[in-house]
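Below, subunit A partners subunit B and then partners subunit C, in two separate complexes.
On to the complex of A and B.
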């Protein structure tokens, strides 16, 4: 059932493993390597068909300089921050409360309310496209960061509630009962007993939601248009010219856009991996 | 969004402006939505707004530049919901849905202005139901861009007839190269080949009727076009595996000399120049005649300005349109530092660029048959998609022709109904 650790396997297999691993790794990363390579090439390399070779000239400074100083990229990055951070904060606040309510209180509709939150996750978001777009238009929130943030919070809270509720369920219920016996008010139980215990889960969830929202492309193009509100994922397409696509700039832009979630992942790696398993197993 | 409040009224005098005499006293706000989002076109648009603003100091001009691709999906939205006074779009059938829906203003009165008589070459493209619905501001030629150095090496000259084109091609093939590079991944490049082969085989009027749904796809004329195309395909004139390339990905073949030519619009020139093909290596010829006696006609896609029917400041919008097409403005915005394309006004001068000059000459003097827009602008969008898929399939599997044509015919019966 459990794979034999590599150091206990025969030497020949160890060698094969050690040889194949880098190959698999490079192949796995090939598209990313291509993008990284192209981000330092001049535009002409694309037209001459120099896709995999060495850059004909080293254009790191020029390409990245253009991305930061001659395009709307900084604006798009800032938009991404202004969309992602409020969403993460909003989701964390709402879901810790809903998770607490659903995890601690026993009431008749508890399971049904919980199911509704979970069911939200199973609705393919494509079918929401038209109604959500009409709704934001009617509310006057079309093409605003607020509209995008509100929608993301509403949609992500379903998943976060599942996450939080299961985590709170796993906490020793005795703690809460002891507090109740002591006569502590319910909101103080939430604030002083449950919330501190939830910290690892909150951190894990914040990292997950951050990457989800940062990488969101679909809603960004449905609900926003133009540099004043679009996040960076949608903004990268602005390097598509009328007739030709500036692949070198798009590559550089993609690398820049991918850095924050990658940085976030490495900084919070512990929480991220915890987040993937937390709440999933009881 | 950028606001240009005109301040330098004196500048107005220094800007030549043909139709400006009655233009005083414009006031209020002029809202312009533009899809000229790339750096150079954007600068052109902003420059035009600035200069127009200088002519009309009391007018507040609000310019919104929207990403070109996003614009295509948003135009429906803003024409109905929150219409600007002036909006960019495209000529011919591409504007038909909005004309039919009553979203564009009839501006035949603007075209009645004698100053617009110099725009004759594009008037047809702006006309639907006998009325004009917008003004053009730029266009560009299509044609065969070829490697002059390869032609010289093989002792070939620009072909004047289809037979010559084929014999040239055979010589090129014999030298171990391909005649034409093409990338049909996104279909439209094959549409260019169909346009030219069909216009040369059957003429402009036939082509217009076909894209307009008046001639069935199973017609003998269409079959003759495909028979000519098939001759090239059977020779092996096109690069292999072209369905895997976008048009930009097809350029390396001509740069490396593995292919000798490409049928393309003038926008292919800048990347080819950047890749090292200077004017001694790259040259241009008009697609040669196929059927004798058929007047030559060309593809020249035209970009336009329109006034939405729901615009609020139509008076100022009309003045802006007249300003855009004036000879001086046309010369300026289409020069090599700006759009690098062809001016629509016959009185404008063309930039000193080999390809622009040849193109301007070709379109104004050597295109008696007419000027088409391009397959996916002349045919309705739905039909264009089905048909271009058929062209791509034909280029790979020419034996499927009858099946393809039957399919196109069925689609046409549904779409043009």
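On to the complex of A and C.
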């Protein structure tokens, strides 16, 4: 193990390390801690210039209550859910199929199709902006959640295919060979042999895509406008315009907007990290 | 009778070609979707960049006109310069991530929680990171100015000063990116071969020499991924600029992706063709890296099945 395990080092360094950890953490998260502090302060603290002192009263309920009951925030959150969840489902379905095809079968175009997905996934998405916006307008899906979902599914399929294909390649191929010798149909091999083995990868991918899509801002402002379809990342700017200079409310709003992926991360930590670091170890 | 022979030939054709046909059946929905929404639009964008088009009326062919205009456009060079600054400084997230990973790669009580909390910034949307840092830099009450005020300095208005603005935004972007690199390296460090470390220790290697000659080479896969995601992140930077400064002051914090958006979709007018030409330039820069990434993956793949 590198660096040298702390148990083998002198007692003094052990104690320093233990003391250093929380200090480093607080410094690392300082901007967030500041926002969390802002979000429970009363309005009066900002007018009197008490920015960094203790809150003069604990206004958690008032501030967050206002975010949830006196603004469009719940609407935006709901939109985000209706955009994110179908995208995750769509990506999982499409990419488990493409990943299976590219991971299991040997055919001439295999590597080319794979590279098309990978290259498309790396493309700076600004180059897609004008045509995709146009396409969405033509389909009559501009400013709808469906329009956003369809694009997200298509674009994320690139990343997901890369992910699934690499995962399936690492599975024991013998299982498939044996099934073939037994005369099992190919689609049955997919459904009964490969899919059950893919479960951890599917879970990892689902949480990653959830986070990516929830946090998307660019496509939200390109393909939607207004409270009826915008997700929370785009909605927060109109929220902030509504409460200009009301820092306690803007902070509370930001925290609410950031929370779902954070919750997802802490609940599914193992899968999340497994997904992000796939390929980091050979 | 005849119908049954037909059925058997039909099924036997499928049976004979099952292995060849199945992958295409499985690929079809994904590939069609991807072609439709990702691959074709790339070429459409390239073609739009040869037109003058406001998105509504008929596009007018102007050949290389948009690119010629780019050549004389100062704002384009500011964006390009900022893109390069982003690219170079963003890479600092990789050593920073490695450093934090080394710091946290211990087994003390509660270390798992520490690791997750250090990783935390990556999970938050860039929009929120942008807002948080805007307040952090605020000249009247921001923590940054409170802090340098202790030393009698400031106040500086990071986001309002054309000299600092790009660096200020990059610092905000590096924060989550470092967290990402950290998690990659923590995973990589877990897989480092302990026997090699012991052997190197017996040979008297320690500290920096050990890190550089024994550990870092073994972390190569993690470094590769960190490199890929950081480059892509740097070239895609848009959210932070849009939230923190909206390109200002005086357009000094624009990057290509933001300038493109501004030209094509903001109140300055809907110049789709000109926007597309900026996107094509950005794409060409990216293409250079994409080619390199694909080449490395290809080399890797030759070893596999």
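Here, the second predicted complex is superposed on the first by the 269 of 282 C-alpha atoms of A that agree within 3 Å, B and C clash if a C-alpha of one lies under 4 Å from a C-alpha of the other, contacts with A are read in each partner's own complex, and residues count from 1 in each chain.
Here, a residue touches a chain if its C-beta (ideal position, glycine included) is under 8 Å from a C-beta of that chain, and two chains touch if they have at least 3 such contacts.
Everything numeric in this text was worked out from a predicted model, so none of it was measured.
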If you stack the two complexes on chain A, which partner ends up touching A:10: first (subunit B), second (subunit C), both, or neither? neither
Does the superposition put A:98 against subunit B (first), subunit C (second), both, or neither? second
Name the contact category of A:196: first (subunit B only), second (subunit C only), both, or neither. neither
First, second, both or neither for A:117, with subunit B first and subunit C second: second
Between subunit B and subunit C, whom does A:172 touch in the aligned arrangement: first, second, both, or neither? neither
Identify which of subunit B and subunit C touches the larger number of residues of subunit A. C
Which superposed partner A:161 touches (first subunit B, second subunit C, both, neither): second
Which of the two partners, first being subunit B and second being subunit C, lies in contact with A:265: first, second, both, or neither? second
For A:237, is the partner it touches subunit B (first), subunit C (second), both, or none of the two (neither)? both
Common ground on subunit A, meaning residues reached by subunit C in one complex and by subunit B in the other: 49, 221, 237, 240, 247
Sites on subunit B touched by subunit A in the complex: 1, 37-39, 41, 64, 66-70, 74, 81, 248, 251-253, 255-256, 265, 267, 271-272, 274-276
For subunit A, which residues count as touching subunit C in their complex? 1-3, 5-7, 17-18, 21, 24-25, 28-32, 34-35, 38, 49, 51-52, 94-95, 97-98, 100-102, 104-105, 107, 110-111, 113, 115-120, 122-135, 150-151, 153-155, 157-158, 161, 169, 173, 185-187, 190, 211, 214-215, 217-218, 221-222, 233, 236-237, 240, 247, 250-251, 254-255, 257-258, 261-262, 264-266, 269, 273, 276-277, 279-282
Touching residues (chain side subunit A, partner subunit B) in the complex: 43-44, 46-49, 70, 137, 221, 225-226, 228, 237-238, 240-245, 247
Which of the residues in subunit C come into contact with subunit A in the complex? 18-20, 22-24, 26-27, 29-31, 33-34, 36-42, 44-45, 48, 55, 102-103, 105-108, 114, 116-121, 123-128, 131-133, 135-136, 141, 143, 146, 175, 180, 183-185, 187-192, 194, 197, 210-211, 214-215, 221-222, 225, 228, 232, 235-236, 238-239, 242-243, 256-257, 260-261, 264-265, 272, 275-276, 278-280, 282-283, 286, 289-290, 293-294, 297-298, 301, 304-305
